[in-house]
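Two complexes are shown next, each including chain A; its partner changes from chain B in the first to chain C in the second.
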Partner chain A sequence: MTNVKLRDLPVRDMGTLFGLVLIFATFAFVSPIFMESRNLVNILQQSSINACIAIGMTLIIISGGIDLSVGPVAALSAVISASMLAAGVPPWIGMLAGLAVGISCGVVNGVLIAYGGLQPFIVTLGTLSIYRALALIYTGGNPVLNIPSEFRSWFGNSLAGLPMPVIIVCIVSALAWVLLRKTPIGEYLLAVGGNEEAARIAGVPVALTKVTAYAISGGLASLAAMIVVARLGAAEPILGNLWELEAIAAAAIGGASLLGGKGGIVGTLLGAIILGAMRNGLTLLNVQAFYQLLATGLVILLAMLVDRLTRGRA
Partner chain B sequence: MPNPPPALELRGISKQFPGVKALSGVNLLVRPGEIHALLGENGAGKSTLLKIISGVQQPDEGEMFISGRPVKLVGTKAARAAGIAMIHQELQLIPELNAAQNMFLGSPRVTCGVLLAHDAMQKRASEVLHDLDPGIDVRTPVKYLSVAQRQMVEIARALLTDARVIAMDEPTSSLTPSEFEKLVVLIRKLAERGVAIIYVSHKLEEVFELCGRATVLRDGVWIDELQLANTTEPELVAKMVGRELVHNTRHRTAGGEIVLEARGLQWKSRVRGVSLAVRRGEILGIAGLVGAGRSELVGLLAGLQRPDAGEIFVHGKAQQFANPGSAIRAGIALVPEERKREGIIPLMSILSNVGLPTLNKATRFGLIRHGALRARVHADAVRVNMRPLALSRPIRLFSGGNQQKAIICRWLSSGIDVLIFDEPTRGIDIGAKEEIYKIIEELAAEGCAIIVVSSEMREVMYLSDRLLVMQGGKLAGELSHQQYSEEAIMTLAIPRADMAPAASQELS
Partner chain C sequence: MQITKWTHVRRHSLAMAFALLGCVSLSSFAQTLKPLDSDREPDRIEWWQVSEKLGALPKAKPGVKVGAVAKTLTNEYWRLLGDGYKKAGDKAGVTVDLQAAQSEGDQLGQLAIAENMLSKGYSVLLVSPQSDANLQPAVDAAAKAKVPVVNVNDAVIPLAEHYIGNVQRDNGVRAARWFVQNKPAGGKIAVIEGMAGVYAAVQRTEGFKATLGKESTKFKVVASVPGNWDRQLSYDTATNILQQNPDLVGFYCNNDTMALGVVEAVKAAGKLAQVTVIGTDGIGDAYKSILAGELTGTIDSFPVLTGEVALDVSLRLLAGQKVPRVVATPQALITKQNYSRYKGDEAAQRKALIEDAKSGAK
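Then we have the complex of A and B:
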């Protein structure tokens, strides 16, 4: 286990990796600058926000749920954190406050689902509106400006040639991988998503497991929000529009089943990079945004079809 | 005697799946009006054969004849058109639709080309169904019908298409004895009309009562065709299993100190004031008809539901269970009745399925110690003779018996004090059954208190030291081992005429 080799990857992740290589090869063929290291770093950076959200989404999807409220959660924590920062609060306190807002939003989702017995789709559809409304009401619809440069520089730096957001996502991914593969919570997530009633009878703390997943998703949404706020130097209450769909797409391309019980961190990361590389490559080729949207949709459907056709082999 | 052609004949049927030869050179001959048993352990190839007969799968080799004419059945529609109907073990009705809608599902009658002819369908459905069970209203949504009534609807659906061959896969696995008797009458009536019946069951008593001839499969190979009148049960079992089974008689004990006690348990109208106690090392049986409240009772003991009234004591200490997890922490665990729905996590490995309840004990610094966990599960899997011993394989790829062994393995090294088995061997073949009996007895010998709920009277009598009989949510009586007999159990289990009407429905 210490020495992870390519052939140790699950078959499904190999498939996603193959798709990624195919997309890279295509773009490398038609665009000379696509494979330049500066552009590759760009792709990683552009994928990092979605990857961050998608990791939380993957944990929830594995547990048999869904979180539609990630965008508004990000917006709400962004505006609260940003207004504290703008008011001169020490940056690390402002950041922790933002994360706390995100985690709290996730806990509210989780409690309504696990203890209220409501369906995840409906609960997070409701809180999607509520959290967005709170962000808009709190700011009066205006962006929060004057983010201190100290805070901005935390996320703006590079380390060993990699931008900070990429490094953060790497750390988050590693932690999430350990959580999923090496801790009881990870097994509980798979069990709850695979057969909730059987998991309950086996003594799995079902409600606690679900709340944990939604709390993590909320926390990661606010972490992504911090990265965006630092980059833009402002927090918009409309931040994070349609993030949930991008994240679900990344998880699904990576092999997570919306029925629950199946999915992985490696696959989701590859899925996020596939989406990021697509967008990057098509922009380099000066393809219109409308067609980029079309291409994204086709890639998602293609991935699902390949998934369906190869199922049962693994 | 003029010999009509066999209703269905299979010659030299072979079927290969990736890595497994599911069937090789299997023959089957069923005459019109015959009730023919298809026997074998799980994995012997019965299901594959049924799938081939009903057109779900196509054989790689071999020929198939219906009424003497060669046929190739591709798809269930083709099979139905050829006069073959399947009654599945897990009934395939849609709960929200009524009986008539279910019966015509897939081949509805229409007027004006598109509109469903509800009246005509209902009329035809009730004609057919009336013969089988006049008590069923075809307009009742199927979810309100009893399991036996749903079975009648399934059979009626088969008759609707004028089936000449009806294959029944474990039709009685969830029927009460009285419902079984009704089914027997019905099956005989069908046979008299010339319908050929293929009857698959693990319950050999039923097979001997009902069937004339039997075809035995083992490991995908045709073993023998037998006249059941000239065959004894041990002979038959030996053919199925390939070896003789020995029943070892356990040393019966009165048990040690009381581990689990319940007083006046009440839940909805299903459990009505039940008190009981189980001792260390004792196997307590609970018998009764389906619907008598046995599963509900053990559900209360294992924390699946909270009782409306009554108390539970573990080692003399009053306990309230918020969920199964808290019952497990108090030392009580359940091996549930419906393995697929309540037992296994299908996509997860044997290792994960077995380790699930004890993960917290297998961690260091919050991380699972996979090496130690695997070693422990491996030892337990060896102990229960799990086959194949492939711990990383998803549990859904294992046979029912091995899935059940995995569920039992969960509790082998968990330090549990009371283990409750609800229908421990439902849908499990004879070989695995014996092995599960052995594990239950070993656990008791090690000092675990055991409760066994079973609808199979032989099973509870064989396993238990003491027997409680439930009826209509109440304890109807207790039998000591010397008092065991099927008559004694049935006398207690069957509602008497002076009981409340609600409780006596089952028998009507």
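Then we have the complex of A and C:
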């Protein structure tokens, strides 16, 4: 069963890629500056945060779960790490602390789901409130400012014309792809999401696999938070509002099935870029925000229909 | 300001060269500017003094395009601000494009819009940031492209070179003074705050509580809870507060949408005569409610006028005029009693606001 799915994934990715090319071609046709390299770099940069979150989300969705708490996890790790940075802690320690907070939040989600036997949607809905509350309580609602420039420059640099966030996301994607396609963990994720009972009988460590997925998602949420903090020079407790929905949208456009067992890193990346390109192009065309929202919704549904057609019977 | 900036660059040209080598973002350019405190910035001017001090608005060069990034269009306040931009833009014969984020909390989305508008090549950018920090990268990029950026209202970008707007804290101060002056007997008060952690909400609430505590001993704030700018949530919250404090005398709400929800709750509890509700913003529905004798008052910050002032100032900047860093725009607490003074035709409104400012009325 898994083999069949692995074989038809590239076809699905080709479909997403085709959609991306179509969107780019349309915008390039109507807006002369859309294809300028500066604008293309803009699109990648603006998609990178969502892509980073969406990669973690994809791993969880493949395992049959969902993580609604990514935004608040990002906010909590951002404010904790930023307070340490502002207090003069060496930047790399501040960053590691932020990542540790994110991974811990993910582990809490995973343990409640895998060992507590609770539904992922409900658990992460609960922690969505809890982590947001902790971030607000910790800061009293105020942003943390005075981020040292050394830390900011780590993520503000460019390499070969590509902004650091884009490069980081490329590396993260490559690692996630290897994890999913070349390691046992990837097989476990697909197996657990495809048929949990069968996986358990076949000897897959189901609980551990789930906790791992949520820990990775938490870690990636805090990595995205570090990028945002460095870019904005401030950490806000309200950061990350609605990130979960954007990430789910990217994964879904990229072919992940919310029933589990299906999804891929390449597709999700393309999905994130599609969403970023839509926003960019529609802004260049001076389309008002309400219609941008409408267009995004239509693209998601269209992608689902294409999914249905290319896959045949689901 | 421009001059100090460039000497700074020359003095530190070596450091700058290294910075450029690393392609570090050019935020260090602006760092000679002191972080902006729009309340106390000495380099400021009142909105009605702009044409007195700087003369008539110079004619805009052909092809001038103004880009505006609003906070969101789901709140009438920001649509009215946009109307102000367009109105002044039409008068001056320049095109104005208005874009906005999809929701009040969509900070990165707003940043993306600002960056995208920059690459489209506008002559000047008017921005109303969602938070102090979220548009900073776009401001840096604009400085690099030599596009002036004007921060219009709400959140204050610390390194903003130009800020136009009212003082958020002052909003709460006015509401508190109204209670002190009009409810001399004092009593229990509740505050319905905006989204937790949002600049305007924090400042307004803080100004209200501090002033109320300082200028009177007779009031007690029994509840101060977020209504998240949401009508329904504020209705429910107000219902609970009224149940717990049947002798409550007033609500202060961080915006009109919430105030209108609170008014409904007060009405349902049959306490319209006892409980005063003060809102903020001055949207159309709020005035309908005020004239109907339900909402007591709203602190209007005159979004259309603010938009016109902002566009006027941005065109002056493009024409090379030197405008003070902060241009303060008006606010007034409007009730049924003084409605006609402020909400008649535009000329009368301007006259009334200038009179207020000159007499130092608060």
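Assume the second predicted complex is superposed on the first by the 303 of 314 C-alpha atoms of A that agree within 3 Å, B and C clash if a C-alpha of one lies under 4 Å from a C-alpha of the other, contacts with A are read in each partner's own complex, and residues count from 1 in each chain.
Note that a contact is a pair of C-beta atoms (placed from the backbone, for glycine too) under 8 Å apart; a residue touches a chain by one contact, two chains touch by 3 or more.
Treat the numbers as computed from the prediction; the structure is a model and nothing was measured.
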item: First (chain B), second (chain C), both or neither touched by A:Arg231; value: second
item: Which superposed partner A:Leu284 touches (first chain B, second chain C, both, neither); value: second
item: Chain B versus chain C as contact partner of A:Ala87, first or second or both or neither; value: neither
item: Chain A: partner with more touched residues, chain B or chain C; value: C
item: A:Ile122 touches, of chain B and chain C: first, second, both or neither?; value: neither
item: Which of chain B and chain C A:Ile171 touches, first, second, both or neither; value: neither
item: Touched partner set for A:Leu239, first chain B, second chain C, both or neither; value: second
item: Complex interface listing, chain A residues touching chain C; value: 33, 36, 38-39, 42, 45-46, 49, 136, 139, 141-143, 145, 149, 152-153, 156-158, 228, 231-234, 236-239, 241-242, 276, 279-280, 283-284, 286, 288-290, 292-293
item: Residues of chain C defined as touching chain A within the complex; value: 22-25, 27-28, 72-73, 97-103, 105-109, 111-113, 115-117, 119-121, 131-134, 136-137, 158, 195-198, 202
item: Partner chain A, residues of chain B touching it in the complex; value: 302, 304, 323-325, 328-329, 333-334, 336, 341-348, 352, 355-357, 359-360, 363, 366-368, 370, 410
item: Parts of chain A lying in touch with chain B, wherever the complex brings them together; value: 1, 178, 182-184, 187-188, 190-191, 194-195, 197-206, 261-262
